[in-house]
Amino acid sequence: MRVGILTSGGDCQGLNAAIRAVGKALYEKFEDDVAIFGIRDGYRGLMEGDYWEMSPRDFSGILTLGGTILGTSRQPFKEIRGPEGSQSEKVEQMKKNYKKLRLDCIVILGGNGTHKTANLLSGEGLNVITLPKTIDNDLWNTEMTFGFSSAVEIASMVIDSIHSTATSHGRVFIVELMGHKVGWLTLHAGIAGGADAILLPEIPYNIDSICRALQQRKRSGKQFSILAVAEGAISDKEAALSKKELKAQRAKMTEPSLSYRLAKEISERTGNEVRVTIPGHFQRGGSPCPYDRVLATRLGTAAAQMIQDRHFGCMMALQNQKIVPVPLGEVAGKLKAVPLDCEMIQSARDIGISFGD
Amino acid sequence: MRVGILTSGGDCQGLNAAIRAVGKALYEKFEDDVAIFGIRDGYRGLMEGDYWEMSPRDFSGILTLGGTILGTSRQPFKEIRGPEGSQSEKVEQMKKNYKKLRLDCIVILGGNGTHKTANLLSGEGLNVITLPKTIDNDLWNTEMTFGFSSAVEIASMVIDSIHSTATSHGRVFIVELMGHKVGWLTLHAGIAGGADAILLPEIPYNIDSICRALQQRKRSGKQFSILAVAEGAISDKEAALSKKELKAQRAKMTEPSLSYRLAKEISERTGNEVRVTIPGHFQRGGSPCPYDRVLATRLGTAAAQMIQDRHFGCMMALQNQKIVPVPLGEVAGKLKAVPLDCEMIQSARDIGISFGD
Amino acid sequence: MRVGILTSGGDCQGLNAAIRAVGKALYEKFEDDVAIFGIRDGYRGLMEGDYWEMSPRDFSGILTLGGTILGTSRQPFKEIRGPEGSQSEKVEQMKKNYKKLRLDCIVILGGNGTHKTANLLSGEGLNVITLPKTIDNDLWNTEMTFGFSSAVEIASMVIDSIHSTATSHGRVFIVELMGHKVGWLTLHAGIAGGADAILLPEIPYNIDSICRALQQRKRSGKQFSILAVAEGAISDKEAALSKKELKAQRAKMTEPSLSYRLAKEISERTGNEVRVTIPGHFQRGGSPCPYDRVLATRLGTAAAQMIQDRHFGCMMALQNQKIVPVPLGEVAGKLKAVPLDCEMIQSARDIGISFGD
Amino acid sequence: MRVGILTSGGDCQGLNAAIRAVGKALYEKFEDDVAIFGIRDGYRGLMEGDYWEMSPRDFSGILTLGGTILGTSRQPFKEIRGPEGSQSEKVEQMKKNYKKLRLDCIVILGGNGTHKTANLLSGEGLNVITLPKTIDNDLWNTEMTFGFSSAVEIASMVIDSIHSTATSHGRVFIVELMGHKVGWLTLHAGIAGGADAILLPEIPYNIDSICRALQQRKRSGKQFSILAVAEGAISDKEAALSKKELKAQRAKMTEPSLSYRLAKEISERTGNEVRVTIPGHFQRGGSPCPYDRVLATRLGTAAAQMIQDRHFGCMMALQNQKIVPVPLGEVAGKLKAVPLDCEMIQSARDIGISFGD
């Protein structure tokens, strides 16, 4: 049994825990009858044939390690250095190296972009099994991706910490969290951190509505407010624009970051001092939280089982507390956004959190 | 609308987050038309009429606070100081105070023991809504209780930390975790912390089997081993005894703590130096993790909704990612143990973790 | 004995621990014979007579609390809302309220700006004792200020976390830390976090020198580099300008933040992808670390002792492991910068850390 | 230049950070002209000639790693497995291997026991430089040892966490911390964690005095108390015994652990429920705190400088904020206990903390 493994896209917590689980479970199942190939820097390594044969030692002591021992690269058909050429040429390169390595299967750990390519490779006849990793938790057909809970912990800790400064100074604080297209991370961290307003890409905000919520808090005696804002949140005015108009408008902005623009608007309208915090890549680094370690381990051992069963072309997913395989075609290209009527949003509204709408 | 609220049993993380959610949601729903009574120290306060009328201020700033602002007491029909007498007399006292306060409903936060009494009070005609709190995660009909995830985080952190000492000294370490009857906490923390063996109350262990696993690790070049042990784990020999015999045997022991006995046995059989760590109450203290804050908030706001709907006699539960009401009769007196064939145990076995069986 | 207490300037960790120590020690010393007045929002409260008489309850349970229960405000002679007028009029207002409250002493917790005003008030005949608080550790005549160690812990954790992403992606990361004028925080966090280059306000950097250091790391097989950068670091070219020229040049910049400018320069010169992280106010929030709690407690109890001894006009300082009083005149207006020849810089250079010079 | 390096005694945080600093600084100073030999498991490896030649790679990525990559063993002249025989025979073995390896110097990281042997080896003509590591901070002639601050952080976190349970239940909690002979760790963690009583080996406690302090807290409305207790604390009655009598008395005890005995006594005398927590080896594991990383780095680079200067026979120490060499003879065999009249104890008393005396 010859198995390749690669991690693609932005790194997140739990990648090494998942790699470890795949490797350890394969050795338990096949003992000496398995060769595992670590492919370097995601699809780049597959295109360029950059890999090494891993040993049991490689999988030891990495459970709590952040990042990925395999390295990663983003967006396979854009940024990757390596063979020039069209997408189909790149796919051919990957197929060639898959065959050259005589792989029985390739395990791919990644998020939304990664799954498109994985599905494409599966369609080309490669045996592919994927694991859902992303701090965005935006993969369709799985209740949870690893990395998400760890990112929520960091984002919540930042909001917690800002609380003390906010309380002492009587200011408005904006904490800008990761999430270009979906707001799961901001929604969870916002509730967990006790934010007073939460702005999500899924719910266009109205600046007057936000300022009203802030003023109302002030009237009720609260000297400070904290806004948890997804980096991809948009205003109702922007939401009304066409994609082209939006792009044109954004190109003209001197301050491209949402939270700085928002800070300016709020400050001008309410007279409040507004401060911005952007934890950035800090959200995707460091040791995975225990939940992510357990989830990554379960997903990884389930992948090894699928390999033994020669059940390919699927993503391992969490559904109703169980790990199940989901056909790649039902995952690739779909985005799991926060439903507007979801119970968590209602719960947040019930305790007075504003969504700026 | 007059609502009482009490916390009963051992404290855990997330109690204040849940209390806050109930209170804030009730004020949002009923504004000035609600009076919330904080009942002190669990059922003791209800029996003795020890309470205060809470104000919005009481619910502010407690989201991240460990413990319970209401105080708690254990086992209502055993330890409680207060009116002497039989169980029925105590129940009468509670009914009397419920009526004296003219409550529309009482919200009770607790674990297994608490739910028996809550169900009993509900049967006596009181309007009861409960929230599932326990670090054991052993309540029937809910996928998760708050407190559990926070305890897993602390227990995992202790195992993580022991790892470095274990590696440096080449020893066997036993980390004894909470869990008299069920092993959820030990199972999760054991996997998350990278334990080499996990002993649960649900799976009687064989001492020879454990020692074999330790020796095998040594032969494969690993100088140390870590055992995550639930305080209620039992040996296969003990499991074969009647309750009476077991009790008699335990009464004779000079060292009542499982992990110290285990350490002695392993040390004698393998010649290894064995060290014991018992984090104890540290596991149930401190600030709730973000997951528990969100879960407690969702459960609390759902309870407020039930109060508005006058839907009583139920525990709010997490089922398939949603918060739903479950009749108290379907919860009380039942214990959610770890199923022997559950996927997590299989996953752990797949990466070589021994359960000592 | 009538004592006022106020906190001024940016908040930091340990303020409440210090307030608690002053209060508890005064009650222990004078029992019922002391009245403590909490003055709100720093010098603003002293100017406007905004205060409350504190009770023992106020000092309980705040040891681990971030921020300040007294509130704070920045720069007394610029931003404070309240009575208009010249500096001398403001000082008169403060003296008036001090007398109106019949204070025996006022305890002032603050950093560099705060000490100028404290010294001025002392010169006007007020009995002043100060405690050194700042995350910058830039107060003269004390080896350590509280807040600093906690900020170092947070900044180090951010760098730690960035490490995993940096390793996985093979990028250059800039972590911008607080410190406009001095680099203590960046120096400590940079060494503790294992940064590869550290840029301080005290050591003007040369962009070519930085890029050379990055390239050399790459040649030695290291795929990533982390730069810990104080927000006030300046280039050698800027250092050669007059203050006026520098101001003019900065006014023209489209990107005012140092780390974004630096990222652009490095990226253009080396072709590396460069990412920026700015933890911002996160560095001064949250619970104080144990070191700061102990230091704040020692400083607070020493202040109470000075009050009992009626020894005023001084800052409590840490010198050679002991808490000693230092005359305010020897502190105010002086800045403790990182000496270029200090042992820590030499130690950092010895392990290959570049200072960009 | 040929340098050996070993770590001896109980492991603690910061060992790898110090090893890294020594190694990196030696490579910076001597480039290819240095060979560093990692000696396994402390003095055992030196006796048995168990070592490997380290490479720059060995020193990379270990700054934040707990434990020691070199392994360690305790008490060289008692427990070490290996060549049987008298102390002098063992010393001869070590000298032989030192010479066989043609070492210019051996760097030894350890605590009190380690320094006796290091001094002995130095007396035998070996070139020895030591670094002070211990969570006890009990080494003479240095203000601080690495490992101590990290252990204080963990111990404080445990007390913090216990606070919430204690508050909720109205109980007495005993947290037993490491420290057989000295109380620095318990003193710092006790103050930082807000303990109500602190028992140290240096201050014999009187059980009636402790109970009085607890009762007085209760009368003042505090429902709970937390005792931070060093494992080596003794009662005034025990302190009055001769060593022989004390040993005889302890041999008769059914419960050898101080905190369980104390719990029983307090419970019997006051009627309070008392719970015990023993974090144990958790205190010396995990990643070093930033302070310890910086201290270990400074000590390690200073050791490399001493090697370059061929200044041997000394321990690197922190004195008055500077790293200085101290002759081994002035360190070995001396214990730095907490002075009864030290300012920290006075500070703790000033805020009402009882020392049980």
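Going in written order, the chains are labelled A, B, C and D, and every chain counts its residues from 1.
As a convention for this text, contacts are C-beta pairs under 8 Å (C-beta built on N, C-alpha and C of every residue); 3 or more make two chains touch, one makes a residue touch a chain.
For clarity, every value in this text was computed on a predicted model and none was experimentally measured.
Common neighbours of subunit A and subunit B (chains touching each): not present.
The chain with its C-alpha centre at the largest distance from the centre of subunit A is D. With each centre defined as the average position of its C-alpha atoms, the distance from subunit A to subunit C rounds to 35 Å. A separation of 42 Å divides the Cα centre of subunit A from that of subunit D. In subunit B, the positions touching at least two other chains are 160. Touching subunit D in their complex are the following residues of subunit B: 7, 11, 13, 15, 41, 65-68, 71-73, 154, 157-158, 160-165, 167-170, 173, 223, 254, 275-282, 284-286. On the subunit A side of its complex with subunit B, the touching residues are 20-21, 24-25, 28-29, 63-64, 143, 149, 152-153, 156, 160, 188-189, 191-194, 287, 289-291, 293-294, 297-298, 301-302, 304-305, 320-323, 343-344, 346-348, 350-352.
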